[in-house]
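See structure below.
As written, the chains take the letters A, B, C, D, E and F, and residue 1 is the first residue of each chain.
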Amino acid sequence: MLSTVRELKALGTDANGRPFASLLVVKKLAAKTASNGNTFFSLELGDRHGSFSCTIFGDSPVFEVFKAAGEGAVIRVEGKIEFYQGRLSPRLAKALALSEDELGAPGLIENLVEIAPENADELWTEFNAFIDAITHIELRATVRAVFDEIGATFKWSPAAIAMHHAYRHGLLEHTVHMARACRALLPLYPEVHGDLAMAGILLHDTGKAIEYEGTLATKRSRRGILQGHVVLGYQLARKAGMKAKLSAELLERLEHIILSHQGEPEWGAAVYAATPEAVFASMIDNLDAKMGMVQRALRQAAGDGEFSERLPGLSSPLLTRPPTA
Amino acid sequence: MLSTVRELKALGTDANGRPFASLLVVKKLAAKTASNGNTFFSLELGDRHGSFSCTIFGDSPVFEVFKAAGEGAVIRVEGKIEFYQGRLSPRLAKALALSEDELGAPGLIENLVEIAPENADELWTEFNAFIDAITHIELRATVRAVFDEIGATFKWSPAAIAMHHAYRHGLLEHTVHMARACRALLPLYPEVHGDLAMAGILLHDTGKAIEYEGTLATKRSRRGILQGHVVLGYQLARKAGMKAKLSAELLERLEHIILSHQGEPEWGAAVYAATPEAVFASMIDNLDAKMGMVQRALRQAAGDGEFSERLPGLSSPLLTRPPTA
Amino acid sequence: MLSTVRELKALGTDANGRPFASLLVVKKLAAKTASNGNTFFSLELGDRHGSFSCTIFGDSPVFEVFKAAGEGAVIRVEGKIEFYQGRLSPRLAKALALSEDELGAPGLIENLVEIAPENADELWTEFNAFIDAITHIELRATVRAVFDEIGATFKWSPAAIAMHHAYRHGLLEHTVHMARACRALLPLYPEVHGDLAMAGILLHDTGKAIEYEGTLATKRSRRGILQGHVVLGYQLARKAGMKAKLSAELLERLEHIILSHQGEPEWGAAVYAATPEAVFASMIDNLDAKMGMVQRALRQAAGDGEFSERLPGLSSPLLTRPPTA
Amino acid sequence: MLSTVRELKALGTDANGRPFASLLVVKKLAAKTASNGNTFFSLELGDRHGSFSCTIFGDSPVFEVFKAAGEGAVIRVEGKIEFYQGRLSPRLAKALALSEDELGAPGLIENLVEIAPENADELWTEFNAFIDAITHIELRATVRAVFDEIGATFKWSPAAIAMHHAYRHGLLEHTVHMARACRALLPLYPEVHGDLAMAGILLHDTGKAIEYEGTLATKRSRRGILQGHVVLGYQLARKAGMKAKLSAELLERLEHIILSHQGEPEWGAAVYAATPEAVFASMIDNLDAKMGMVQRALRQAAGDGEFSERLPGLSSPLLTRPPTA
Amino acid sequence: MLSTVRELKALGTDANGRPFASLLVVKKLAAKTASNGNTFFSLELGDRHGSFSCTIFGDSPVFEVFKAAGEGAVIRVEGKIEFYQGRLSPRLAKALALSEDELGAPGLIENLVEIAPENADELWTEFNAFIDAITHIELRATVRAVFDEIGATFKWSPAAIAMHHAYRHGLLEHTVHMARACRALLPLYPEVHGDLAMAGILLHDTGKAIEYEGTLATKRSRRGILQGHVVLGYQLARKAGMKAKLSAELLERLEHIILSHQGEPEWGAAVYAATPEAVFASMIDNLDAKMGMVQRALRQAAGDGEFSERLPGLSSPLLTRPPTA
Amino acid sequence: MLSTVRELKALGTDANGRPFASLLVVKKLAAKTASNGNTFFSLELGDRHGSFSCTIFGDSPVFEVFKAAGEGAVIRVEGKIEFYQGRLSPRLAKALALSEDELGAPGLIENLVEIAPENADELWTEFNAFIDAITHIELRATVRAVFDEIGATFKWSPAAIAMHHAYRHGLLEHTVHMARACRALLPLYPEVHGDLAMAGILLHDTGKAIEYEGTLATKRSRRGILQGHVVLGYQLARKAGMKAKLSAELLERLEHIILSHQGEPEWGAAVYAATPEAVFASMIDNLDAKMGMVQRALRQAAGDGEFSERLPGLSSPLLTRPPTA
């Protein structure tokens, strides 16, 4: 029986010395050198619901396993529970890194990292249907070309590191939700060019598939730090649009949606939205980002208290109980 | 033949001395005292497309007409065109204030002040249908009670003095557009209580019917300055909800939508949105406010240049031409 | 002999195993479920000068006592001192919750929570004298009606959770101090309507008696989060003013003092102060809030260093020694 | 009979050609060179209630008078009224600069520039009584030494160019008002060292006597631009304190009141207030500055409308009518 | 003899009716329709030192000339001087647009628009020497390729519309000044890669050659509004770098200098500077931008007053006289 | 053999009980009283690379040593290693405070606190050469007089507590770097008075030699909190300039450089830079401060990762690897 980190922590001091086994992600791994010249590792290991720190010396039986695996690897560990004053600090006796194939086992990843609540494959199917529904041939081809290039990464990326939709498949989920809102609202705003707005929404955050890296432990990539997802997404669209022979006029407007979707320069927009489609896409992005925070807080509420913790993105706690009357 | 202010200004200096007749609103009227003790008026007269200043002394044949009419009145004037260095400065010989009945003549008001492009009566019918579609009896009764009290004023109020939907019927138009968006988006956000969100949207800006005053020249009222539309709207809803015997739970949530809809305290929110319905209503308000600025800029563009003037609410000029390809 | 938390912490590791007894408030109590399905409690216990964390499992002899008592209860505990690396982590063997009557014992509460340095009953007597000194009959009746409703809570509320006058009776103390300053300054500003300003000052923060809750552990209430103390105080005054048949003119000005006293919208004001009385009350609030921070820092200084810690409300440490020459 | 600018403007176009005489301040005088090489002046002339622009060529009979007088001079002019499209643009035929003696005529200056409503000599007497009431000998001597140096200038300086107490004697008036408030509040805040706080208040703005220059047309001086009134006032106090042999301890605290009285660095404070006296003085400054704006708006209201214009310092119009009930 | 606008304005009313001739730029031209259906032009005409407005009707002898010429054209006009109340409002009798060849006449442009004080051809020679001095072959080829594409436009562009170096050749001047500072400072900061920093500086503002358009009347282009100069410059460098086969590593760092040179996102940076070269280039940009404002204010000072007008970019007037001792 | 804190921490739990000896600074020392009335110390001990906490009771053999030594002392300690759950918590058996002479031993201080990488004596020689190179006699004498007064302290002060050049000799290093940049840039900006700019740069931060105190543990002094380094530096320059008989004109400009060098009031500037020299000095300060952060991050990088931690002063991590191609 594998124990989750939450279960291990719940055991408490009285379980000291009891054997356990768990499946854990290597969230952080820092190699350090002791004064005797030997290397040791400072690790953070965790799963979907928590994490703990531990130190592995060179003479440990599991040292080589962690050395070979590195950050982001999934490890099956065995050992004995140890608590010092309430902090979990187990001694590890065995460790085995899972292969790529083993990672595909059903339900496995779901226990290790937070994942979008909707089924990723169904979201992906729906996403592709939104692409196919674009009637303008070159616009559709442009969108298609971008996802031919980065679709696989896009499918599992989070939409953020710490804010809305900050979990596996979160980027796909957020984009599909925006596409649904776009389709629902287009009849109300006839001045908006539907194909252009939809193409812009499907592409607006594609730069994040490059900006964030690490399948099980997300951080900003080198390109993310040096260029930012707005410029990276613009470049993806530009390349694809030229390949798809999209007219210069439409390509410029499509790029503009990506360059302006963050709303304000201080939030990362290269320019202010200056076309109906760019204003429209930017506002839908804002709406679904906030509603995504609401949805996640409701999922995590699990009936404890009346209010969630303060949500930084809303500047407030959220009332998580539905009205009774 | 009545001339508009735009037409008069277009005539230019060469028309000096030519007779004219126009229908004009008294936009500002300030009574001043000359050193001889006599009163004279400094006026701003205008219609939908422009305005000019003029001074009326006590011995003018039109003095008594303006004295009786006051700010916001509609006057039929006759006189002679005069230009000083390009500025229109006509001499008025006759003036006649229109009665309430005459103001009802078809097309008349439309020439004097900017008006929502959609028909106000049709908007009002649609608005009432949104009320009727609320299934929760006490919520519907609460909304109905508010509009029994301030509906007539609400119907012609602008949604702002200088920003989005800042024209006659603009408040009604903006609220109907938000209700349409709410109805379109509710299926996508099942965590939102539909009746509560719709009631909140229909009521969110009702305080503006008190904050703004003047049918043909809008300014903030005394209550608007001393309490603000957020508190005024909250008070309207509270009174109506108690009359309709709405449960304390739902009334508190409804009031919260109104108190938080401005988003940030610095924009006037009493508190941050802390329920799913309040977040939802606030984001729809934001979306339609921005799209309203887009729609107005497109209407006013009339094919002149490629871009509009810089729109303060968008921090940018707007590209007003649709894509050609 | 009961030990304070400060005393227990001062004992240090060498006291491990020594028996002790203390009177403590349950500052936080979170029920959690272990992997074996049993519930355990994560507690924060403390008194006026400090707190510590501990975990109570279901088989502990004190488990049922904490379960019945809940957050904010006062418990007499006995046990043995334990330190892990400098952190106090005692083992509790006995626990007994105090009754409401026992909480009234002289000096008891003062050791458990921070309390205004001035005597609460004397402050309350002075406060009521300020009400009685209002000469305008309906204004006085309005103020009286509010405190008939929320006076008992008002008397012990803190004026804030973390800033100025953030302690038991702090709201009463701050309001009395403002009333004293108002009385002292009124002769200097004859344009200020004395009764109106005094009534506004006595009522300006009454919403906090609803916004904060918990007698021994303060947090924001549901109504505080959903409406905020500004609107809650406005509503209290409105109800009382209508009951007292205060003229619409004076009620509007009184409400305006409450709605505007926070100064800037970003600090919570519904509108900017727009009457002489509202400007006056807002500035006195500001003055006494800052001086309250000074007074508290001086009380806590106790002759240690020359400067206090950095005070967030002053953006600076405070020089706590009086001048010597 | 001398006409004020308000009276001249009230005459209007029909008075064209009528002779007039006025007493006016030269508010701005810019010498310019025409293409023929001759110099001409672009002037702004005005009195307490208004101003107008005019151009004086080298062949004008009044050219030499203005050339000799310069900015800030007071000139008796005669000429003929001329209006172009409502703007006063008189032709000047005679001009005579008043001597220093003539400027002392009773009531003369009061018509040319705005002046504190309280009598300046009485304010000055009261001000000196505040100095005399300081019981600490060296503190009193320090304050006295500063006003021995800059008292004459201080007496007529405005407290600001465009905000509160921005008129002749305004600095004296504002400081006396603060001293009165200080005396009234000291009994309520016993932790404040009374002599130190009073000395700090009397000195806090003395740098403005150097920062602003020009008796009838105020602008920032070279020293004001290069050092600012906070540092200039600190330097005045430092020099005087050393001369008066004030202890280093008290001098440092006195300087600190001046350096910190602006409250926030972005408003000009060199440091944040970090002593009880500095916090106290800074808050009284803030209170009286705002109340000074209120008092000035009430004086200027003169029964016209219900509200003043928007006051930038209050971010709001002010309700200028007293309550009726 | 041609008169400048400054000379015409200096003549004043007494010159009414006198004939004149001038060389003027069409700064703005708006076509409007009179009520009789005829088109007329509202023009702003000016030269380096000033401008004036005038209206040209369809029956004017110069109407067709302006119609054909459009905004930014240079016109030789003849007519009669007219003043209305100090405002120049001449009547134009003849107009002749200059050809491209005629615009090349020595000294002509210099009188029509503000121009960098240093000789443009010498600046351009120096600029190219900076390119040639880059030792890294692909970096040099990349820079060269960009200026092969946009060099001609770059050479005459202003560096801004309203702030530093906002005049013809200002972009070239500012970039050369930065290159000189770069060369002078590189020995002091050995951690900076010299060729990379110099290439980044030469390219950092090239997007402005696209963002600004109009040789004699500058405004933001469509691409400037929709993409901004940061992204436009990044795209120029990217295209050139790929053509020059610059390594991916260096191209990314070069692009990063351009993307981050504005310093803060709210000033337009796509990302914060994250390499030594990007920090270095950004700070040199800042230094020379401010010093450029100083230099321009000193040039324009011309010995009038001690201080310049307030310079928005420095938030202060500048002391324009050199120290005397 | 002495162990560094980094070495001790690297040993880990397995070294428990092993003897060690170290040379450590007393970074913080707080005396506390146990409930038995005895005093004990809570200490933070550390060296250049780390620190740990420990508690010393009155009966410890090392109690008197720490009591006599106080904060900032350097102590040679011996004891046994102890770890609790990864935190170093050694037991001290012997302690010996080093004398002033012993502190002078080569390499000793360098191991205890972070020190400028360049040799302090060489920096000081170069610094004095910059003073000697000032050709204007009184300016040079002014600068010299300031360093006669505070040179010894200036030489070892850090330039900041937590930002750029925040280490021993950092103030000297930063000032020398600015002087080098000043000398390199002066030929490019001929409008800048070289001697004045250089004198201003050498003096601009001298107030920090008073604002920061403690040779081995830096904190803000009383004068730093009450006056701030800008005013303290201004006062140093003023006193020295008057002693050196510097002309009032140059002294005012020199003081202005100091008063304005922080750039914006919210960053501590008393006024905005308003002379060419002040703008120049302020921008060089900014440039070298940022480059100093870059240099320090590169020194600390030591080949670990590609990027540094996020640097608060740059709002970004820094790419610490040089380009490879």
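Convention: contacts are C-beta pairs under 8 Å (C-beta built on N, C-alpha and C of every residue); 3 or more make two chains touch, one makes a residue touch a chain.
Worth saying up front: this structure is predicted, and the values here are computed from it rather than measured.
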TODO: Starting at chain A, find the fewest moves between touching chains needed to arrive at chain E.
DONE: 1
Task: Chain located farthest away, centre of chain E as origin (C-alpha) - done: C
Task: Same or different contact residues where chain E meets its copy chain B, judged by the half mark - done: different
Task: chain D-chain E separation of Cα centroids, rounded to whole Å - done: 41
Task: Distance between the centres, which are taken as Cα means, of chain C and chain B, whole angstrom - done: 45
- [ ] Compute the distance, rounded to whole Å, between the mean C-alpha positions of chain A and chain D.
- [x] 61
- [ ] Check each residue of chain F and list the ones that touch at least two other chains.
- [x] 84-85, 225-226, 253, 264, 271, 274-275, 307, 316-317, 319
- [ ] Name the graph shape formed by the protein chains and their touching pairs; answer line, ring, star, complete or other.
- [x] other
Task: Listing of all chain pairs that touch each other, if any do - done: A-B, A-C, A-E, A-F, B-C, B-D, B-E, C-D, C-F, D-E, D-F, E-F
TODO: In the complex, go through chain A and note every residue touching chain C.
DONE: 3, 6-8, 10-14, 84-86, 306-307, 316-317, 319
- [ ] Could you pull out which chain A residues touch chain E in their complex?
- [x] 223, 225-228, 230-231, 234-235, 238, 252-253, 255-256, 259, 264-268, 270-271, 274-275
Task: Touch list for chain C against partner chain D, complex - done: 177, 180-181, 184-185, 187-189, 191, 193, 196, 247, 249-250, 253, 264, 271-276, 279-280, 283-284, 286-287, 290-291, 294-295, 298, 307, 314-319, 322-325
TODO: Name, in rising order, each residue of chain F that touches chain C in their complex.
DONE: 32-36, 40, 53, 55, 57, 84-85, 87, 89, 222, 225-226
